[in-house]
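Presented sequentially are two complexes of subunit A, the first with subunit B as partner and the second with subunit C.
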Partner chain A sequence: MRVTQGTFSYLPELTDDQIRAQVQYCIDKGYAVNLEFTDDPHPRNTYWEMWGLPMFDTRDAAAVMTELAECRRTYGDRYIRISAFDSTHGWESLRLSFIVNRPADEPGLKLVRQETGGRNIRYTTVPYATEKPEGQRYGVV
Partner chain B sequence: MDTITPVDTATAPMSGKDRYRAGTMEYKKMGYWVPDYVPSDTDIIALFRVTPQDGVDPVEASAAVAGESSTATWTVVWTDRLTACDKYRAKCYRVDPVPNAPGQYFAYIAYDLDLFEPGSIANLTASIIGNVFGFKPLKALRLEDMRLPVAYVKTFKGPPTGIVVERERLDKFGRPLLGATVKPKLGLSGRNYGRVVYEALKGGLDFTKDDENINSQPFMHWRDRFLYCMEAVNRAQAYSGEVKGTYLNVTAGTMEDMYERAEFAKELGSTIIMIDLVIGYTAIQSMSNWARKNDMILHLHRAGHSTYTRQKSHGVSFRVIAKWMRLAGVDHIHAGTVVGKLEGDPATTKGYYDICREEFNPTQLENGVFFDQHWASLNKMMPVASGGIHAGQMHQLLHLLGEDVVLQFGGGTIGHPGGIAAGATANRVALEAMVLARNEGRDYVNEGPEILDAAARHCQPLRQALDTWKDVTFNYASTDTPDFVPTATAAE
Partner chain C sequence: MPDTMTPPPSHDPALRVDLQAEMRETQVGEVLAQLDRELVGLAPVKARIRQIAALLLVDRARKRLGLQAETPTLHMSFTGNPGTGKTTVAKRMAEILHRLGYVRRGHLVSVTRDDLVGQYIGHTAPKTKEILKRAMGGVLFIDEAYYLYRPENERDYGQEAIEMLLQVMENQRDDLVVILAGYADRMDKFFRSNPGFRSRIAHHVDFPDYSDGELLVIAEKMLEGQNYRLSEPAKEALAAYIGARRTQPHFANARSIRNALDRARLRQAVRHFEDPGDGLTLDDLMTIEASDILASRVLTQEGRLDPQPTAGDTP
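On to the complex of A and B.
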């Protein structure tokens, strides 16, 4: 299974050069780039853990790549994504978000159906990994 | 550009006893032609394309449009004198010949804000397009554009979700969204219908969509469709880990039925519902209120619009419909593809997209935008491009339509030789490859075919899509094109 959240998840894993080019694109557009990681790939898990603050004053993608290498060393067994924040009035949200690191094995998500009134079904999506406590879900790289 | 100059004292408005003597009088003498009028910041301004009958003076025809869309009737009435009628009379203040269109004139007409009920598209349109389009002295009439003052814009709530919040809810940023309309649009049972939804979403689309005429027919009851579609959506979400959606069309014969369907969609956990333009402006505003109250994205299918938007001589331009819909409050609106099978000149379509997505629209005659328009922080509408588009056009679509758009590949997904999921994957891979290349600074418009070929090397379904549809284009002349070439500027 492959979690396909984020732009570029349908492409082969991006190389560091490709990631750097995307980061530089964001920086040149005036966006603040941030790294976030998680071991809970639920589609509505909005708040991944932040690896520091968005890098508001960084002009060179190299600094982000250094942080990414550092983040991978610590959390290489988890999902890591790059998020780019645009503070322009009328937007003030993300402009780009893509996964740059994923667990070696992705067991996927379970769909639980609870039969209720009539033919209605209440659906619950559960990542198999989250059945273990945080930090122990994908083993250690 | 020539402006018809108003130094004709014979047409100056009359006053007092002369003005209100019983009988008929030229509209331009009744105060509907005020060439030295300077519109105030709070006036609503309408630009009409007027085609007078042979022998009818264009200024008189334009003054008549002002009159018939505001206070006038065919004869003088003394009861005007009980009112502040100078204020309530719409004022035509400028008439220009249309470039390269003999017999047609652009008439600028200003309306006082007090003529309109706050927050009601029905009221606005009852005035502006209510009576006047059947007026006999005119051969034809078209509402080309409107300037909506901020004071009026602020009486509307606008799109319930907007582009930014829609993206936040879907957790999808930096690329166009992908959708497909389920086909065939009539005849599938609920179970078969859900199969199409599941395959398309699983393959990589973000959305699937009911078609405009899928409501509740003998072959598929609406509840059946909703239940099977939500099974498909939830299965695809679990399969991919992504948020998915399907536009459940709640269009029905009565508001009560629509509310019932919308409530059921919410109960089942749908992120989005859909309505058709044919339900009417008041119904659209009601469904917008409902969507706002229930955290629902509201998709509008512009069913029926071409009956009055397509011909340049008569009707209402789609740019005006788009403005009304941004006020009325829908989140998605079909706005053309340029390259697909349906009407859409590139410059005119650009004008529509700007109206949907920008906070401020500057006057751009070359795109058919005649007025500066401030949107006063009303949410943005996500334009939807649907009809005869395929993966091989991805570079053109990204270039022409930008990033904040839903690209809907119906046939281009479901008609894929490898199946629906393969069709969806082809579109998603083509899209992501193109965005990647654009962000890398490549000349993706010219290198588009090579970028797609390279992406197809790791994606067999994309290879098949490119081979199947490589020669499909729809190159026909547009009927609705701008009247001004890019270098033209407005004459004053």
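On to the complex of A and C.
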């Protein structure tokens, strides 16, 4: 199951040139571009690992693409996303975030139904991948 | 650009490039003219930059006709004594490269050894990478580049920065242009011990010292920019000052002149402060008199070579 999270997630995978164009747009808007990766694709997982520091003072997307290439070399088997942080007063939050790398094989999410009192049902989603320990979830290693 | 640079006449109009139109489109001529106008002297440098710009313009035209695909190596080394305008020219170079489409943003990131080399193990790589990332899409200007290499200390971290630089200079030629700058003799030594750099640098530009006359013109331009002017005797005094200053140690061309002018402004202010007379006119406030310059230590102690540099006069 293809995980859809963030902007552009219903589009086909962005090519590197398309990613570069998006990143340049963010830089031109004055956002700090940041790379994050994770192997826990749960939609409520907000704790993705950071790949280095957010790039506050880059002028060109080439810098981000270099970092992305390096991140893919190390964590090519995980999800990698690019996020753009707007520090202007009043915003101070992410303006854009999209996935730029995903594992070759995505087992998807399991839906768990918990039957509770009064015929109520609680729903929980669990990524199949997280049943394995961190770092061993997507085949490699 | 002379007409001789247009390609040989071809019968197919699709295989013709109008260099004049290309010049207009890129507005590179404008930058070159600005360079000519604003920088005094430096004739060989201007000629060199004109050559480089012509080469790149023709390369661009060739590329358009499918003659050449590879990005030319654009890394440069600027050698010359301090205060000869290396940084200023580098800024213009960044703009020229930007106009011609060889760098995407055209900004200049100016660094020295301290910005690249770390203090402890593992500190250098992130620092250098940070600078390289900042410079991407523009020009990285490394002043006094030879300090990166310290052969007397084999555990110096400079080597690490050099290796990262070389790698980026080779692999990311589209993203970044590196300009190394420094004294000619030390740069030579640096290149001899790091042959990797020499082979990756396409253009060596040598900056000559300014002549006395040129320095005087520069001084007047500087003052004009600050809304000051020299009185006639002051001009003569400054000419004498330049001649005397040159023979003293730590002479840094235009920079020494700027420092001298700063001190002259100081003396002018003190002169008016001590003796306000019956009010100052606009003319008084703008004019620097001969006495403001003649009071300089350089002239009062002429003939005596002072090994101690004057404050603020370090090269």
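One rule holds for everything that comes next: the second predicted complex is superposed on the first by the 140 of 141 C-alpha atoms of A that agree within 3 Å, B and C clash if a C-alpha of one lies under 4 Å from a C-alpha of the other, contacts with A are read in each partner's own complex, and residues count from 1 in each chain.
Simple rule for what comes next: a contact is a pair of C-beta atoms (placed from the backbone, for glycine too) under 8 Å apart; a residue touches a chain by one contact, two chains touch by 3 or more.
Just so we're clear, the structure is a prediction, and the values are computed from it rather than from any experiment.
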item	value
Subunit C versus subunit B on the shared subunit A, clash or fit after superposition	fit
Touching partner for A:103 - first (subunit B), second (subunit C), both, neither	neither
First (subunit B), second (subunit C), both or neither touched by A:125	first
Touched partner set for A:60, first subunit B, second subunit C, both or neither	second
Superposition-derived angle with apex at the Cα centre of subunit A and sides reaching subunit B and subunit C, degrees in steps of 10	100
Which superposed partner A:3 touches (first subunit B, second subunit C, both, neither)	first
Subunit B versus subunit C as contact partner of A:92, first or second or both or neither	first
First (subunit B), second (subunit C), both or neither touched by A:41	first
First, second, both or neither for A:25, with subunit B first and subunit C second	first
Touched subunit A residues, subunit B compared with subunit C	B
Shortest CA-CA distance in Å separating subunit B from subunit C in the superposed model	16
Subunit B/subunit C common contact set on subunit A	none
Subunit B-touching residues of subunit A, taken from the complex the two chains share	1, 3-5, 7-12, 14, 18, 21-22, 25, 41-44, 46, 83-84, 89-98, 108-111, 119-121, 123, 125, 127
Complex contacts: residues of subunit C adjacent to subunit A	104-105, 107, 132-134, 136-138, 172, 174-176
Complex contact set, residues of subunit A against subunit C	55, 57-63, 66-67
Subunit A-facing residues of subunit B, complex	164, 167-168, 171-175, 204, 227, 230-231, 234-235, 237-243, 267-269, 359, 377, 380, 425, 428-429, 432-433, 435-436, 439-441, 455, 458-459
